[in-house]
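Two complexes come next, and they have one chain in common, chain A, joined by chain B in the first and chain C in the second.
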Partner chain A sequence: MLEFDLFRPQNLQEALDLLAEYKGSARVMAGGTDLMIALRAKKGMENVKYIIDISRLQELAYIREGEGLEIGPLATMTQVAESPVVRQCAGVLAAAASTVGSPQIRNRGTIGGNVVNAAVCADTVAPLVALEAKVKLERKGGSRWLPLDQFITGPNRTQLAADELMTGIVFAKLPANAGWGFMRLARREALAIARMNVAVVIKRDSQGKVEDASIVPGAVLPRPGRVTEAEKLLIGTIPDGALARRAGEAVAEAMISAAGRRWSTPYKEPAIIALTERAIKQALEVEWR
Partner chain B sequence: MDTVNKPARRVDALGKVLGESKYGADLQFEGMLYGKVLRTPYPHARILSIDTDEAATLPGVEAVLTAADVPGLHTFGTVVPNQQVLAKEVVRYLGDAVAIVAAVSPAVAEKALDLIKVEYEELEAVFDPEEAMAEGAPVLHEDAPGNIAAHHVLEKGEVEEGFAASDIILEREYETQLVEHAYIEPEAAVAVPEPGRRGITVYGSIQNPFSCRKALSRMLGFKLNEIRVIQAFMGGSFGGKDEVMSAMCARASMLALKTGRPVKMVNTREESLLEGYKRHPYKLKYKVGATKEGKLTAMKIYILADAGAYTAQTPFVTWRSVVQATGPYEVPHVRTDVYGVHTNNCYTSAFRGFGSPQIIFAQESLMDELAEELGMEPLELRRLNGYRQGSVTATGQKLDEHKVSLMEVLDKAVEKSDYLRKRKEYANQQGRFRKGIGLACSFRGCSLGAEGVDATGAMVSVQYDGSVYVFSGLAENGQGLQTIFSQIAAEELGISVERVRFMPTDTAAIPDGGPTVASRSTLMGGNAVRIAAAKVRETLLGAVLGRLKASAQELDWGNDRIWVKDDPSRCVSFEEAINEACSQGELLAALGWYKAPKVTWDDRHGQGNAYFTYVYGCQVAEVEVDTETGYTRVLKVTAAHDVGRAINPETVRGQIYGGVAQGIGYALLEEVQQHEGEIKSLNFDEYLIPGIMDMPEIEAIIVENPDSFGPYGAKTIGEPTLEMTAPAIASAVAQATGRRVRQLPLDLERVLLGRSLQQDRYKRREGGC
Partner chain C sequence: MKKLPVVLTVNGKEYSLTVESNERLLDTLRQRLGLTGTKEGCGVGECGACSVILDGNLVNSCMVLTAQCDGSRVETVEGLGTAEKLHPLQQAFIDYNAVQCGFCTPGMLMAAKALLDKNPHPTEAEIRQGLSGVLCRCTGYKQIVDAVKAAAGEEG
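Now for the complex of A and B:
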C-alpha cells in the first residue's frame, strides 16, 4: 500500500519551498497522466512520502512569444496542439502534441510532464530537440538553463535535481524557410504509446538547397538527440526520395550503434527507415505516401 | 406482428446512460465489509504453511480465511470440479487464491494481505501444451493423465482414401492467441447473510446465476434453496463472468457467513486480467485434399488447445471446435482430433465464439490458400463446396430441417461489398500503402446442442392494473435480452412494450433454466416467454368470451385490445379483460418452459445431429496495409448474417457492430502477453482493444429465413458476429501484402516480418519498446 501526503502549493514560491524541504521524498505531479500510472503500478515509488500537486500554478501554464517561443511546463497537450502561435511557428510540436493519448489525456497531460518524465517514446521530446529547445530549472534561490538534449540523460532519467522544478521551455521560432515533418507509429489509431516517432526540421534556401536539417527520432536512441550523420546527407543538397531514404538508413544505423541489436531491432530497423524518409518528405512538402 | 421484428428502444438504456443503474460495485449494505484476495507468487507450488495470525489481529480485520475454512468442498467446476476457490495443497497458476480477508475498508484488507505469511515449495511447471503432453511432464491433475483435459475425435469416411483420391494436398499450421474478454466492468459481488436463519443472498456481475448457485452450494455446503443469487446490472461479460464469478461469490459468501456481515468484493482491472479466464489459444494443423477442379476430398485436423490450470469449460469449447472444424463445406472424408491440455498458464474457458473463432481462422485461411494453389477465386471454391439444402456435415448430420442459407449470405455480402470487382482491382498494386479484400463464412450450431440438457423457463405475470412482470432464468448481460423478451411478451399479449417490466434474474424467483450462453437466449428463452405469455393471453381471451359473445377462435388481439375479428366494434381493452379475468378468479400468470428438440452424439466417432439448427454468416473485410511498417487499417466490413428472424433489427445490428469490433481486436491487436505463466499485460494501456478511431464502416445485412423451432423463426446472432472477422481480415491482408500470416493477431511485426518478436524479448530478457 502506498501512503503519502499531498501538498497543493498556490504559487511557484510555495512549490519551490516544499521541494527544498522534502527533496527526494517528494514527487511533483502536474497533469498526473504518468504519475497516476506509476502510483498504481507502485513502480519507483518506494521512497515517496509526499506528492506536490503543482497543477494549480496557473503562472506556469503560459504559451507566449518573446525572443522565441516560451512555453510553460503546465501548458497542456491540448493547449500546445491548438495554440495558433505554436501551430504557426513550431508546427512540428503542435502536430506531435495532437497525437498524444486521447482528448482526456491531452486535456490533463502537460508538456513539462512529458519532458520531465523523459519516456523514450515521449511525443513532444523529439520535436523539442529538433527545435533546439532549452529548459529552465528553478530551485529555491536559484535557476539554471540546460539544452533539452543534455537535460534528458537516458530513459526516464534527467538532470533535474530533487529540489528543482522545470519552469520554462524556450526555443526559436521556425523561420519562413523552414519545413517540418512529424511521423509517429503506434499499434492503433489513438490512445496508444508511440512505438517510434521522428521529428524533422529542414531549412532551405531560395533554390531549395538544404541549409540546415534537424532529424530527431524518438524511442530509437537511449537518449534523445539529433542524428547528425543523417542530417549531413541532406545539407547542401536538393534532396530526392532516394536521399531521404538514405537519411533514414543513417538513423537506423545510429540506433543500432547506440543500442545494439535488440529483440525489437528486426522490426524497428526497417520501420524507422520508412518513418524518417516520410518525415523528411513531409518537411520538403512532397508526397510521402 | 406489432412489436416483434420492429426496432423497439432498449428497455434498459435510459438508466444506464443516466448512471442510475446499479452495478455490483455500486451496491451498499449496512455494516458492509470489504474482501480481498491473496494470490500465489508461483505458477506451480506446494503450500507448506500459511500463517494468518498477524493479519487477523490487524485492527479493522474481521476475518482471514484459507482453504481449511471452506465449509463445503474447496473445488468446483461444470464438467470436472477441479478448480479451487482457495488453494488447498497445490497452486497451479498465478491467479490461484491462497487466502481471503474481510476488513472494514479495502485499504485495511489490502494491508492485511501483506501480513499473511505463506511458505511454498516450488514445483516444476509446464507452460506449453505440447510439452505438457510429453512423457515426464509434471501432471497437474491426477485424474487427467498426460494433462489431457479433453479429447474429441471425429471420423467420417476413410480419410486416407480421400487423400488418395485427391489431386492436390495442402498442409498448413495456424496459431491463435490468448485473448481477454475486456468487459468494461471488472468482476464485483456482494454477499449478504440472511438474518435469523441459515441462508445467503449474493448480488453481482454474474453471467449465469444458476451456475453460480450450484457452485456455491457445493462450496458452502448449503442446500440450493438456502442460496439466492440475484444478478446486478452487468457491464459486459462475453462469456467471461462464469467460473471467475463463482469463485468470487463463494469467497464473499464465506467471509459474510464467518462475520455475519455483508461482504463486497471488487476486482481491480489488474486482478481481473490476472485471475480471470481467457479465450483458448489454439495450435491447428490442417491437411486438406482436393481435386484439381477444387472439390474437397478429405480433411485431417489436429488441434491443441491450452486449457491452462483448470478444466472449466474446455471440454465443451473443444467440442464445438470438433463439430465445426471443417467449416461449412462438404468433405466426404474427415479425421479430426481436438485436445484440451492442462498447463500452468491462466485457465481458459468460455468466450463469445466458444471454440469457433480459432477453427474458423484456420479453416477460412486454408480455403483461401487452397484456392490460390488451385488458381481459383476463393469465392468459387466456397460455392463449389459450401453447404446447400440437404448437405451432410462432418458429423454426419443432414441439414434439412432448416433453411441452409450459406449461398444466400455469401451472395449478399459479396454483392454489397463489391468483392469481386475490388478483388480484381487490388490484384496488382504498386506503392507503399496497399489495399486488400477478403471474405470468410461460417455455419454455427445454435444453443447448447449435444453439450447437455437444453431447456429453459420464463414467467409472465399480468397485474390487475395492466402492468406485466417478466421473469426469466436467462440473464441480461448487455446483449439486449430484456428488450427482446419484453417485446415477445408484449407481442403475445397484444400490448405495448412499455407495460412490461423485466425483473432481474433471481434464482429464487424462477426455475433453473441453464446458463446464458451459446447464443441461446432469444431462441430458447424467447420460446419460453412466448409460451408463458400465450398461456396468459388464452386465459384473458377465455375470460371475455361471454362479454364479447364469441368463441376464442373468433377473437383477435393487439394494440392493448381484444376484439371480434368480424366485428371490431365488439371489443374490450386490455384492462377490461384483466378485470373480467380477476373477477372470475383466474390466474393471470404462467410459467413457460421450452425444451430443445432432440440432438444426438456418438462420442467415439464424433458423429450425430450435433445441434438442432444452424445459422450461416459471411463477412467481407477491406484493409489498407502500410507495407513499410505493417500497420493495418480496416476500411470496411460487410457482414451478412442469417438470424432466422430479427426480433429487434436494431439490437441485431448492435450485435453485429460489437462483434465485428471484437473481431477486429482479435485479428489485429489483442494478445494477452503471458510468459512462464505470468501475464504481462495487466491493464488496458498494454492490452490494446480497438478504439472508436480504429472502427471502420460496418455494413450489417440482416438475412431472415425463419426457423421452424425459433420464436417467430428467430435463431441466433451473438456469437457468429465475431467468429469470422479475423480470417476475412487475414485474407485481405494476404492480398494486400502477397504474404499470408498464419498467426493471430496480425500485429505490426507479423504483418511486416511474418513473425512476432515477443518470444525473443522474453528469451533475451530485454525490456523497452
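Now for the complex of A and C:
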C-alpha cells in the first residue's frame, strides 16, 4: 500500500481548502472502490502524498428533486439504484447503478467516483450522457458547470482540475412519454466489469412515432457520446425490430470508425449490435428475447 | 505517515485506536484486534472474503480505510454467535453442509446476515443477489443458498 497522509475534512469548505493547498499531490477518496486498488498497486500514484477523505461529507450525499433531478457525488450506487425518485424519473440510471460490481461495491462506490474516475466501462456514464447530465465542479472561490460528455475527455481523463471537486450531477427528469433501455455485457452477471454497455432513451408522440432518441454506448468509444447516426434512423418512425437492428449496426459502425478493426472486433461487432437492438426494444417496451 | 485517532465499535465493544493513514479496516480487525475470522482473499474487492457489516451496510473491509470509520459500528463473523449458542445462520450452514474449505464462509455469513437484517424473508433470487459479492471457489453455492433459505424461515 502506498504511504500517504490522510485528511478528514469535516465539510465541503475544508475539503476545497485542502485541495487548493495540495492540488496535484492529493487525491480525493469517496467510496474508495477504485482508489484503494490504485493505492495498493501504487499505480498512477507517483506524485500522491495526501489523500483527502470526503466519504463522510453528508452534504454531498443527496438525491433530490429540483428543476430536474440533482444527485450528490457521494450518493452510493445502492442509494441511486434504490431511490424511488431515480427509479421513477431516470430508471435508466437506477438500472445501470444496480449492475455495478457487487452489493459490497455498490454500498461503498459512489456515482461521483464512477464519473470522475471516467473508466470507459463506467456503468453510470452512458445513462447520464443519455440523460444529458451536467456536472458541477467547485474549487476554492469558484465553480463551473460542464455537460458530462464534455467533462470526460478520454479513457480515465476528465477536465477536472487538480484543485476542483465534483459536487453535483443534474439532469432533467424523463417525461411520461419517454422509455428507456439499459443493456450490459460482462463475463458474469455479478462482480464483473462491463465489456460493453448501452443506454437508450426514446421519446414518442401519442401515435407511437419517435420524437427524440438518445443512444449512448459505453466502453466501445474512446469517450462517451451519443451516436447520432443511430438516433436519426429512429426519429420520425414507428420502429420495428429490423430498424432497431439497423440502429445497432450504426453503433457498431461508429465503434469501428473510432477504434479501427482490432482482434476483438469479430466479437464486439455482433455483440454491440445485439445489445443496442435489445436496449431499443426494451425502451420501446417490446419483448426482446 | 500521519497517525489518526479512531473510535470503533466492533461487535458491540468500543475501541479507541490510533491508526496509520493507510491502514485498511481488514488489517485493523485482524492484526490489532485479533479478529481473524474476517479473511483476506483478493485484496481488491472481487472475492468478498473480507466482508463485514459497517454501519448496517455490507462492505469489503479491504477497500475501506480504518480512519474513514471513526464513530462507526462494525460487525464481524465473531459477533454472530457463541460456541454455546450459534447464530441461526451458523447452525443452518452446519445443517446444510454449506462449508467446504471454509475460507469464504465468514464472508458468506456476513453477506447473509446483511441481507436478512434488511429483508427477513428473501426470495431465492434475492438470496443469490445478496450473496453475489462473495466467491466460493469450492463452488458450494447450492448448499449455501439452501442454508440461508432455512435460516430465514427459522428467523421468521
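Criterion: the second predicted complex is superposed on the first by the 288 of 289 C-alpha atoms of A that agree within 3 Å, B and C clash if a C-alpha of one lies under 4 Å from a C-alpha of the other, contacts with A are read in each partner's own complex, and residues count from 1 in each chain.
In this text, contacts are C-beta pairs under 8 Å (C-beta built on N, C-alpha and C of every residue); 3 or more make two chains touch, one makes a residue touch a chain.
These numbers were taken from a predicted model, which means no experiment stands behind them.
Peer 1: A:Arg195 in the overlay: touching chain B, chain C, both, or neither? Say first, second, both or neither.
Peer 2: first
Peer 1: Could you tell me if A:Ser264 is touching chain B, chain C, both of them or neither one (first, second, both, neither)?
Peer 2: First partner only, chain B.
Peer 1: For A:Lys281, select first, second, both or neither according to whether it touches chain B, chain C, the two together, or no partner.
Peer 2: neither
Peer 1: Contacts for A:Ile37 in the overlay, against chain B (first) and chain C (second): which applies, first, second, both or neither?
Peer 2: Once the two structures are laid over each other on A, A:Ile37 reaches both partners.
Peer 1: So in the superposed three-chain picture, is A:Arg187 touching just chain B, just chain C, both, or none of them (first/second/both/neither)?
Peer 2: first
Peer 1: Check the residue A:Arg8 against both partner chains and state whether it touches chain B (first), chain C (second), both, or neither.
Peer 2: In the superposition, A:Arg8 contacts chain C only.
Peer 1: Touching A:Arg204 in the superposition: chain B (first), chain C (second), both, neither?
Peer 2: neither
Peer 1: Which chain A residues are contacted by chain C in one complex and by chain B in the other?
Peer 2: 1, 37, 102, 189-191.
Peer 1: Would you pull the chain A residues touching chain B in the complex into a rising list?
Peer 2: 1, 37, 102, 120-121, 155, 185, 187-193, 195, 219, 262-264, 266-267, 270-271, 273-275, 289
Peer 1: Under the stated contact criterion, what part of chain B meets chain A in this complex?
Peer 2: 107, 110-111, 114, 431-433, 628-631, 633, 669, 685, 688, 690-691, 693-694, 747-749, 752-753, 757, 760-761, 763-764, 766, 768-769
Peer 1: Which residues of chain C touch chain A once you look at their complex with the stated criterion?
Peer 2: The touching residues are 1-2, 4, 21-22, 24, 43-46, 48, 51, 57-60, 62-65, 67-68, 70, 111, 114, 129-130, 132-135.
Peer 1: What residues on chain A touch chain C, complex-wise?
Peer 2: Within the complex, chain A touches chain C at residues 1-6, 8, 29, 31-33, 36-37, 39-40, 51, 53, 55-56, 78, 101-105, 107-108, 189-191.
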